[in-house]
Amino acid sequence: MSATDQAQAAIPFYAEQADECRVFEHAFRQRLPVLLKGPTGCGKTRFVEHMAARLGRPLITVSCHDDLTAADLVGRFLIGDGNTVWSDGPLARAVRQGALCYLDEVVEARKDTTVVLHPLTDDRRILPIERTGELLQAPPGFMLVVSYNPGYQNLLKNLKPSTRQRFVALGFDYPVADVEQRIIEKEAHASPELATRLVRLATALRRLTDQDLEETVSTRLLVVAGRLIVAGLDERTACRAAIVDALTDDHDTAAALDEVVQAVWAPQD
Amino acid sequence: MSATDQAQAAIPFYAEQADECRVFEHAFRQRLPVLLKGPTGCGKTRFVEHMAARLGRPLITVSCHDDLTAADLVGRFLIGDGNTVWSDGPLARAVRQGALCYLDEVVEARKDTTVVLHPLTDDRRILPIERTGELLQAPPGFMLVVSYNPGYQNLLKNLKPSTRQRFVALGFDYPVADVEQRIIEKEAHASPELATRLVRLATALRRLTDQDLEETVSTRLLVVAGRLIVAGLDERTACRAAIVDALTDDHDTAAALDEVVQAVWAPQD
Amino acid sequence: MSATDQAQAAIPFYAEQADECRVFEHAFRQRLPVLLKGPTGCGKTRFVEHMAARLGRPLITVSCHDDLTAADLVGRFLIGDGNTVWSDGPLARAVRQGALCYLDEVVEARKDTTVVLHPLTDDRRILPIERTGELLQAPPGFMLVVSYNPGYQNLLKNLKPSTRQRFVALGFDYPVADVEQRIIEKEAHASPELATRLVRLATALRRLTDQDLEETVSTRLLVVAGRLIVAGLDERTACRAAIVDALTDDHDTAAALDEVVQAVWAPQD
Amino acid sequence: MSATDQAQAAIPFYAEQADECRVFEHAFRQRLPVLLKGPTGCGKTRFVEHMAARLGRPLITVSCHDDLTAADLVGRFLIGDGNTVWSDGPLARAVRQGALCYLDEVVEARKDTTVVLHPLTDDRRILPIERTGELLQAPPGFMLVVSYNPGYQNLLKNLKPSTRQRFVALGFDYPVADVEQRIIEKEAHASPELATRLVRLATALRRLTDQDLEETVSTRLLVVAGRLIVAGLDERTACRAAIVDALTDDHDTAAALDEVVQAVWAPQD
Amino acid sequence: MSATDQAQAAIPFYAEQADECRVFEHAFRQRLPVLLKGPTGCGKTRFVEHMAARLGRPLITVSCHDDLTAADLVGRFLIGDGNTVWSDGPLARAVRQGALCYLDEVVEARKDTTVVLHPLTDDRRILPIERTGELLQAPPGFMLVVSYNPGYQNLLKNLKPSTRQRFVALGFDYPVADVEQRIIEKEAHASPELATRLVRLATALRRLTDQDLEETVSTRLLVVAGRLIVAGLDERTACRAAIVDALTDDHDTAAALDEVVQAVWAPQD
Amino acid sequence: MSATDQAQAAIPFYAEQADECRVFEHAFRQRLPVLLKGPTGCGKTRFVEHMAARLGRPLITVSCHDDLTAADLVGRFLIGDGNTVWSDGPLARAVRQGALCYLDEVVEARKDTTVVLHPLTDDRRILPIERTGELLQAPPGFMLVVSYNPGYQNLLKNLKPSTRQRFVALGFDYPVADVEQRIIEKEAHASPELATRLVRLATALRRLTDQDLEETVSTRLLVVAGRLIVAGLDERTACRAAIVDALTDDHDTAAALDEVVQAVWAPQD
């Protein structure tokens, strides 16, 4: 298990989509946990980084996965040179520090994690550490944020209503055109023209509902394509590598996407 | 595994639905274990906290999950600095203290937990601790309470009749309108008008049987929405975040729920 | 794993259904193991307690479950303060003491338990303890008793013929009316009138074959209802909590059962 | 895992069915392993005990089960008081002693057991013990015997052809009438008349192909019924407990079997 | 896990089927790994023993199974009297000695074995031992040989193309009549007449495509039958035990096979 | 788990298919991770070796498999002679050295590996090592490269979009005729005529879409066939062993492929 602790120096750039910042702040002040829902690469992680910096709180991020257990979050005894030492997990660390704890793709984690999340998400706001006998009371600065992607949940993996109904929920989607353009200019150091073109490409690709894609092009992929083009790679090769081949393995689908790429960079420009 | 021990100072607020308090007290006096059945967020946990305080007993709560074993409940030897120390689990602690032990969502626990529950639920009222050779006789103050949600049980996870028939059973549902209004006023510091409006919303939403919702709006969600509104968030944003997005990921369903929200806060008010 | 050792002072009350006591005694004298078959709460456990006391043998009971292994039954080395100590499991203890060993719901146990049961169920009557090198010869007082409930066995969990054909089998069912009435009077301190009424209720409920119940009302549930009524709870509330809600989660089924309850306590009495 | 070592004093009684003793002796002399196939309780185990005594070899029996591993058969290091000691498993013990090693219901064992059986079943006749570096050469007196019951094998559990084709195979069935009568007289101390009656019962029950029985009545069950009758239990009660209830849980099937029992003990006798 | 190391004194008898020896030698000289495909008992193992002796290389054989892991092949640290000692697995031993390493039924092994096989099967010919930090360079004498039986592979167990395409493949089948006769004479010390008869039996049995046999009679079974007959057992009993009962558990199929046996030993001889 | 560290002396031969070298270099300069997609044996591994040498970076290769965990990649504490020592896994080693880390067939690895890959694939480029408290910042020379084969992915094993969209993707296929000919000449020391003939064979075989092959002939197989022929084996035997039997176990399919082989080496040459 691997968590990353971040104490941002500056507030990272985030282009607001609706009123998610305001709702998030209210939830933070009301000490309510928040659930972020939305597709891959639409900016959920960046949003949390932005809010943590804005609220002046450290941020601890955990990418959840199939084998993540409650002990991974809370901590465990490690056996060192002849004696055992308690080692806080990222959730315990976040509670102690009054940090934001962000569990990315929380539904991937093992089910026993819910047992440590529940008492942190109601009035009690406590984290009992059985193994050491400690009972941590979350300070006002602590906030639990979890995310998941409704697009590829399956029957085996979803949040039980008894867990889900403990969170204030925020839905995310890809940003609207001018917001997305601004993001590409900023993140890929792209010219307004290039950014416009990439957003136009995104719009065209996202309209392709007849293609069998697991997910469509994210803002993140547009930024990567932008970076490769800015670095000198020609547009079609860059879009093929950063977007088309990243989205599909199917030859026919790739050809269809490629046609869209070609159309966007056709001679009229 | 993580259990929380609570010794309440005051009796927590609980709005009785029917005669559940009386039945619970009789079961306590008769030393019979109790099974609480009902949907998410209808007040089962609060009910147990209330009864524990009313009966003057400490309360130990365990949120059950897939990996919870008998050893998690009874206890285990921990290896410390060179020697091993026995560490009581929450069930053993509850038996020793004569506390109420509340196993929330007991069907989620591993099947080997039934073996330690059975001798505690019949005339014997004993908890044998194999590893230490102890045999704990439960004092009169000890009571076992378990809960489960009949709404989302599956074939693999339910109580065997031989376990289930050992408990006095209490069915719970969402409270009736005036009780629910009183709860919202109390818990969210909401004005009677706001509380009325939220209950009207709940009634309308719970009537929507044609929508494909795993669960409908709980009293808990109404309280969260109330808190956000009281804190200054506008009603529709608060209801979207606290209720609509907490209940569904589906765009069409969310739109349908949103319409209900709008209707409740339509200009006639 | 948790076993309970009982050395009864007095012979516990047991109302014989047929000639099960005589067959059990013959099996004990012939040193044959016995298999008890029957539904939940029909008195199998009480029968074994009764017979153990009658035969003057100590009784060791093990509630079997999914994770119960051969080592749980036979014993294991425990690591104590610097050295390891052998700790007999309940089966080894029963063999050494010449006790009755009762494995309740034996089909729930892990399959490797059969390997320690087989040599105890044929002419050899031995329990080899591999880890210590011991080979225990069961004394005449030792008897193996197992039970299972044919009503809710599934394809994955049943006794292999090669195990099953090693036991003398005794079928149990709910007792006939006058026997059941006597049990309720005795166990719930119920008046003959109350006991008659509860048996009448049981007869009516057990006739309801059109309801989708996993099991029907057991004698145990009738006793619990009786205790609650004797303690002062009104009949309908007591029957709802002890019987109806213990048998079903389905609203329609519960309503149907409730009607039967009402009919039994209708004004003509 | 639990194995039993037997060094018989006298040759146990075994009533030969066909020429199985001769084939077994030839296989022993030719140092070929043997596979016994046949239904529950038809005498396979007794046959191996008989042959072991006749050939003057010790016998080590292992009842195989789902969790039986190669290490259980070969041995493992045990951690004792501060140091580790190698402990031979039953197969290694059998090879060292030149004993017959009988793996009862071998298909139940874990698949990794085949790896230690293979080099013992071809020309090499060796048992390599990886953990100690030993390579045991089986002496002429060692013989591997395995059994399985073709009647209840499933798709997941059977012998791979590459394992199976290493054994000389012997098919067993219930003995013919006069042999079976002789067995019952001998084992249950039954009178010729009682034995005749029990064999007649067996013949009638085995003819019942329209009943849905997992297995039919074995010689073993007839012996148990005989013992109970000789001890004083009436015939119908004894047959009900030892045969009918041991074969089926189904009320209709039991009634059908009971009728056969009644017919055999009808007044004409 | 159990591997056998063999350093043959003489070249074991092997009757070549086609040009498999020549292809194997070329692969050895070109340092290419070899995959042997073919049914049970057709001589794959003997072929490898023969080639190892012919090429003057030691042979290490591993019978693969469900629980065989990479660590079983490469080695592990064993904990001895207070300190840990590295113990080479059979694959590491083969690489160090420049031996042939034969993984019999390789598809049975756990998937993590492919990770240690891959770098040994391409130009690198290396075996990295992570735990000790060693990187073994295979000497010219090392050769990896694996086998599998295409006849009973299933969907879960087969070689991934990325593994399979690393091997030179050799298909095996039962030998033609005169080769098979020669093998039986040699291995069972059978007279030419007996060997002819057994081959005639094999030909007849292998032609029975209408019988539902998992595999047909192998040369190995013919040799076993031959040995029993040479030792004095009559032909039909020997063929029944060594061939018919080894091939099938089904009574009708066994009867059909028995008829073929009878026809081959009919009076005209 | 077994990784191989390579510090190439010379740049290994690689015949470029399209502009994959240029895209790879841009990704390296932009510090973007790369995903290689393509069938078995088309040159993905060789391409990575080539690029690592060209970019002057060491290369660490990990063949992924079912049991490969995050700890295998990051490292673990090993218990040596009385004390524990941290041992870097291949990924940590690659980050420390600024090497290319190539995870071959990454989808085979356990899901918890994604958690350590994610923070290495975005702007942060960090590898947190929980167990030691270290947080490694990847130097500019570090690059993560993963591969997978879209041809035999299944539903259980594929890259989640949230992982996949973090990589620049490069699609590979078998090289065109003249490139493939050049590779065979170089790698198998084949004459131009032989190489031409083998490429002609490949073209014919790859056109056989009506045969049920899991994969078709790879360049690797052509090279192996070439080596065997150059070493003196006749063409048809070499192609049978290196190509036909490596591609299929089915007799009819093998016959069809053999016909193609014969046609290519027919007398007209």
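Chains: A, B, C, D, E and F, in written order; residue numbering restarts at 1 for each.
Criterion: a residue touches a chain if its C-beta (ideal position, glycine included) is under 8 Å from a C-beta of that chain, and two chains touch if they have at least 3 such contacts.
These figures come from a predicted structure and were not determined experimentally.
Counted as hops between touching chains, the shortest connection from subunit A to subunit E is 2. Least step count on the touch graph, subunit B to subunit D: 2.
Farthest from subunit D in terms of Cα centroid separation is A.
Two copies of one chain, subunit C and subunit D, touch each other, and the residues they use overlap weakly: the shared fraction of interface numbers falls below half. Averaged Cα coordinates give subunit D a centre that lies 53 Å from the centre of subunit F.
If you average the CA atoms of subunit D and of subunit E, the two centres end up 31 Å from each other. Touching two or more other chains at once is no residue of subunit F. Taken as a contact graph, with one node per protein chain and an edge wherever two chains touch, the assembly forms a single closed ring in which every chain touches exactly two others.
Ring order of the chains (start at subunit A, first neighbour subunit F): A, F, E, D, C, B.
Taken together, the subunit B residues at the contact with subunit C in this complex read 19, 22-23, 26-27, 29-30, 32, 35, 37, 69-70, 74, 83-84, 110-112, 114-116, 118-119, 124, 126-131, 135, 150, 153, 160-162, 164-171. Taken together, the subunit B residues at the contact with subunit A in this complex read 1-5, 39-41, 62-68, 78-82, 105, 108, 149, 151-152, 214-215, 218, 220-221, 224, 227-228, 231-233, 237, 241-242, 244-247, 249, 254.
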